[in-house]
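Pasting a structure below so you can have a look.
Which chain is which? They are A, B, C, D and E, in the order written, and residues in each are numbered from 1.
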């Protein structure tokens, strides 16, 4: 039996075959049983399976993209729940990008940030203000709301503005460390939220607590993007860019520098890493992902107000990172997906189901314990269980492995030669008796 | 997961579901729960009538957690469950506004018992309706009462910096100013906090004739109590957010001399209301809240519309579009205390604002006046 | 059992997760002996001491102290029995003062007088500590910290003192002193288990010595004899 | 020619003078030892040179340029690298990555290049990896290249620190007790390595060490500190026989042993 | 303008002090646990909340059996606070046992997840129980100390107005001060306190010193949580109304206070708490006067956080934290 498993884990073809069967079965069941969340979740799960398959990376990417960009939307589109699934999927994309951004700050650079949602807010408000009539309340030139075509540029602008805020936040960080940093960022996040919630006066920039309504939906080639199924592709595209950037950076010089100062700041500096610049880069890049997705969020909701950017939101994103596995890109993506789907879909479904049982008299609970209000309770329980059983995260971070042979082969002519051991025989690694 | 497309339900009947969306957990759950329970009562009242026509009427309560994001995501799920023909909710205007965009896309009728902000209906969505009054009616009505009846000259305004509280306080302030009152302070507080002594000290030192609070009972009750502890025995006034038994529970005896405008009237004043209160108490073991009756009425309106849509469709399951149109077409539904009839924006033409006063620590307060538009 | 050994390890195996660090260690210390354990980096010297003091658990085998089975005794109890462990790398409490560090060593002692006399004794060995009573442990120099670590263990007045590389990072004159102190403590009747890289000096003062290699004892003998052993010379002495 | 010139360097911690008016001239391509009792201020001296601590007064000149006031990473860029008395590796990084981090300041690879996989960046990265691997071979750690640094044994960690420091291509390399925790045999290998670095890599080496055998064998020149002050300096033989040094530091045994 | 500020100052100070001591004692709970495990116990706010509910329950039971009318209020109060602290003390110990201890060797931040999980659980469990018993999760308790005390501050300085407060304020203040002093003594002057600090710095080595690390950690959680619970009772006495969500915002503020004072430092937490309480109260009362209405009380938290950030920029280890220079 054991052998069989081993064999299977080595056999690429068998794996691939089984995987294809799995995907086919789940997508078929999603097509047939349209409102089955289970089928939808199982189909999504295939991405995770894919991650663990023994295929080369390129093949995985291609298959993954096919599933995410074609198969899932297609299978889901065969019925009523389509928009609902795509809405959740869009939010998964949004949170994944945000969590990946936070992962740079917390997971790579080791800077605990409890105010990360502020950058999301910055992005959301940036678009919200200019893509609604709000801007005309304080700008007396120009023509607002800007059309939905501006959305595409605003993704960039949102990212840049958030990055600037990231650097602004980073400045106090130069001196403050560890958990002090946590509280500074928490304070920063709260400050941003409170300001957005109050800036209807003296100048009305954010419309204060009334929020900004009727934000223009994005437009491209005259097509208005208004449905979740369309936003899904926007979010997916940005997420792919984010994943690309993150994986590239992780294994580059700056990525190593982040991890180095995380592990040992003093040694990092002594190795020539400029602390300030390195930390600020982490903040800026992390923030920019969040800002870009903020723009998408504002356009999708068509309404922004400060209640979407509370401390609880910041901690939720942090939970995604920790739950997935700090510093682990696939882990963080999984963490964000799990938390988002749990919160927005599974828990609601579960409580609806329990409620159904309750009204049909299958189970009987007093009203005070009505399943409809148990979502946070169940969520809390799950968090504890996850943490206890996967303390390093769902997919713990792994270091990139180098191929010694490849490095060795090229080492024909070395400037470093084994030190000459003067009056001794050749010294070997360990001392043998 | 639920069954497919409302084809069959228990006993071979076709299932019609009504969703409620309101906060069932978190800080304003008292009122959110009341909406759900009101709807639940209405549905169990009419279950038989629907059964006769071959439909199984069911309630699906959703918890929007007073969070816009959650509200929108729930709205998407509601939209995808085709057996749901209408939504009762939300409590909070801030959640109603973005969620209603989704209902609009799904042509799904929504009736809010409680969302009072102007933007709710001012965006001109076809499916959005409410049975309660608007803040630009409620605020000025309060201001009129404060200035002309209570003769307040110097008014100190506090608001909770939510979409609802700010909107209402602003409407009140502007109207009171027009009526010649002096607004000597306009301050914001933070929802969830418990100590408002700082703002109250400021108010006390400015010696107002009246304090107006735009916000909900959780903070309002404490402000009343802490103001009284500071020796401020002046009238304190608020909006529908204070119209809850929790206000009394929190403020205790301090609640005397507190006035409030509500968009829901005192149900005990009419016979139908008394019956409702008793039935409610018997079924849920707790007293009614301000929005219990509106939860009931809003559901009643929705069910009536569905009924008429069924009839129009020869007894077959109507489309959502038909239901939405039928809802908007309702012109004189007799609710527990007032009528419901929608104008072309979805506002209730018969909506009234009621003025209450607490004379003793008991809920409900004593109704002073009912104001129609 | 019933032997006169004050400390005896039989076939002890220890793991870090899946990595096996000790692969069946047999060794003993007799009352009043100095026994040294030498071996190259990563051989398992520190792990042996940690297993004895209960910081890591022995998966197999037994550890006896005065005939009493202490194999699975947790660390905070081993020290009560009479075994003190001066850990590798000093491990003083960085934000406690020098004085508090010493007091912690006497944590299990209630009698203030006893504590005082012991502290005086420690100051006789290490006068530098007395000068720096209120300095935070973490700001002391490396050597000062080593003195503090030994001083702290002496506050327990143990019967068996286990030292993990006590000479590391110390000035020659201090190393000399420390070895003198070890001898002195031994003369007073304390049994000593000494892990050292400084094999010359360790073997010099030891009654017996063990050589450990990748988790196994490969050689055992009288200290001075081991020093002249050709294998040892090749492997550990330059 | 002197690479490193230190004049009147002083460091005060509260009331304690950890270094008092230290003067040193370190010749290019020499091996200089700084010795002295525990707490004499040797590490503090290194810390000032590498800008971990700011000197209370005095000056540090590298090839005539003052290093005082620079940030630690700038000092590295100017050409000084070090190892630490209490090992400070990047525990969660692999052995090879540790060395790559050491190349930070001269590695020509910025994030734009990394993002777009520009050939120049790729080339630089590839070369860096090869070079890092050579360095690991040089210190005898090549087999462990993918191991997490935190899992290495003590001696291996020390060697990795040295490799990481050399990776910064320093003009001057500061080693703080490199032989601590090594047995005589391993120390011997280290001695050879240091010799070799000096001759092959053209590095000037300053080291702190308590192992007198190593110090006496390897050093061209020795400074002796006590209580923050220089009490002696000279060639190994002078130091070995200096009564003040014997009294304060070496003890009688060392003379016999060394 | 200034005259107005001075006039309200006595009242603002009294109010600020009331809120401040509550922050201070809760902050100490954070600081203690942090000091020993370097763990931000995010569930501490909920332990505070549980204490308030347990205290209220006891109070309601006592008053329903007629106990309250037969004994002096202060005795009833002592009974309540003792029961509540013991109960929350054990609750805290239990939480540590279940949610933190198994994760001790895991990455430090992961406990943040269990802490958040525990917070959600506690909030909902308390809410369910309260709703089951009373139909409402907002609970009000009969007040024990309700005499109003008029402080004639205007007699001291004519520019001052008078300050008014309830006698509960005095109770809160006195009890809080007793707790603070006792705790300070405990941690800094007793053997157990020293053991706590040793465990905080190096657990492994502490165990070599005959210190039972698990026991020390349990005791720390017990003491910290008992303090939190007791503060919950104080809060209930002072404000009269509680709900399952009071722990969240208060927890954040108290944590901020702990950091402002220098986390891990008990006196720092005390000062930090008082300072934040006062700053908040001052800002709420005076910001709009100071800025001529441009910014009002709604900015009070910004004000508090901005000061916090400013302090940390100039003194990164907090007001009382000692800069721990890492020996290089």
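Operating definition for what follows: contacts are C-beta pairs under 8 Å (C-beta built on N, C-alpha and C of every residue); 3 or more make two chains touch, one makes a residue touch a chain.
Owing to the predicted nature of the structure, the values given are computational and were not obtained by experimental measurement.
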{"item": "Starting at subunit A, fewest touch steps before arriving at subunit E", "value": "1"}
{"item": "Chain at maximum distance from subunit C, centres defined as averaged CA atoms", "value": "B"}
{"item": "Longest centre-to-centre distance from subunit D, chain (CA-based)", "value": "B"}
{"item": "Chain pair with more C-beta contacts, C-D versus A-B", "value": "A-B"}
{"item": "Where subunit B and subunit C are represented by their mean Cα positions, the distance between them in whole Å", "value": "74"}
{"item": "For subunit A paired with subunit D, centre-to-centre distance based on mean C-alpha positions, whole Å", "value": "42"}
{"item": "Subunit D and subunit E, separation of their C-alpha mean positions in angstrom", "value": "49"}
{"item": "Centroid distance [mean C-alpha coordinates] between subunit D and subunit B, Å", "value": "73"}
{"item": "For subunit B, residues contacting two or more additional chains", "value": "25, 29, 161, 188, 285"}
{"item": "Touching two or more other chains - residue numbers and ranges from subunit D", "value": "43, 52, 84-86, 88, 183, 185-186, 188"}
{"item": "Residues of subunit A engaged with two or more neighbouring chains", "value": "197-198, 266, 367, 373, 376, 431"}
{"item": "Subunit E-touching residues of subunit C, taken from the complex the two chains share", "value": "53-55, 74-77, 79-80, 84-85, 87, 91-96, 100, 103-105, 107-108, 138-140, 152, 156"}
{"item": "Residue ranges of subunit A in contact with subunit D within the complex", "value": "245, 248-249, 252-254, 256-257, 259-260, 262-264, 266-275, 281, 399-402, 404, 407-408, 410-411, 414-422, 424, 427, 429, 431"}
{"item": "Footprint of subunit B on subunit E - complex, ascending", "value": "4, 7-8, 11-12, 15-16, 18-19, 124, 127, 135-138, 140, 148, 161, 164, 166, 235, 239-241, 243, 245-246, 248-250, 280-286, 288-289, 293, 296-298, 300-301"}
{"item": "Touching residues (chain side subunit A, partner subunit B) in the complex", "value": "33-38, 80-85, 87-88, 91, 197-198, 200, 208-211, 213-214, 226-228, 301-303, 305, 307-308, 343-345, 348-349, 351-353, 355-356, 359-360, 367, 370, 372-373, 375-376"}
{"item": "Of all residues in subunit E, those that touch subunit D in their complex", "value": "327-328"}
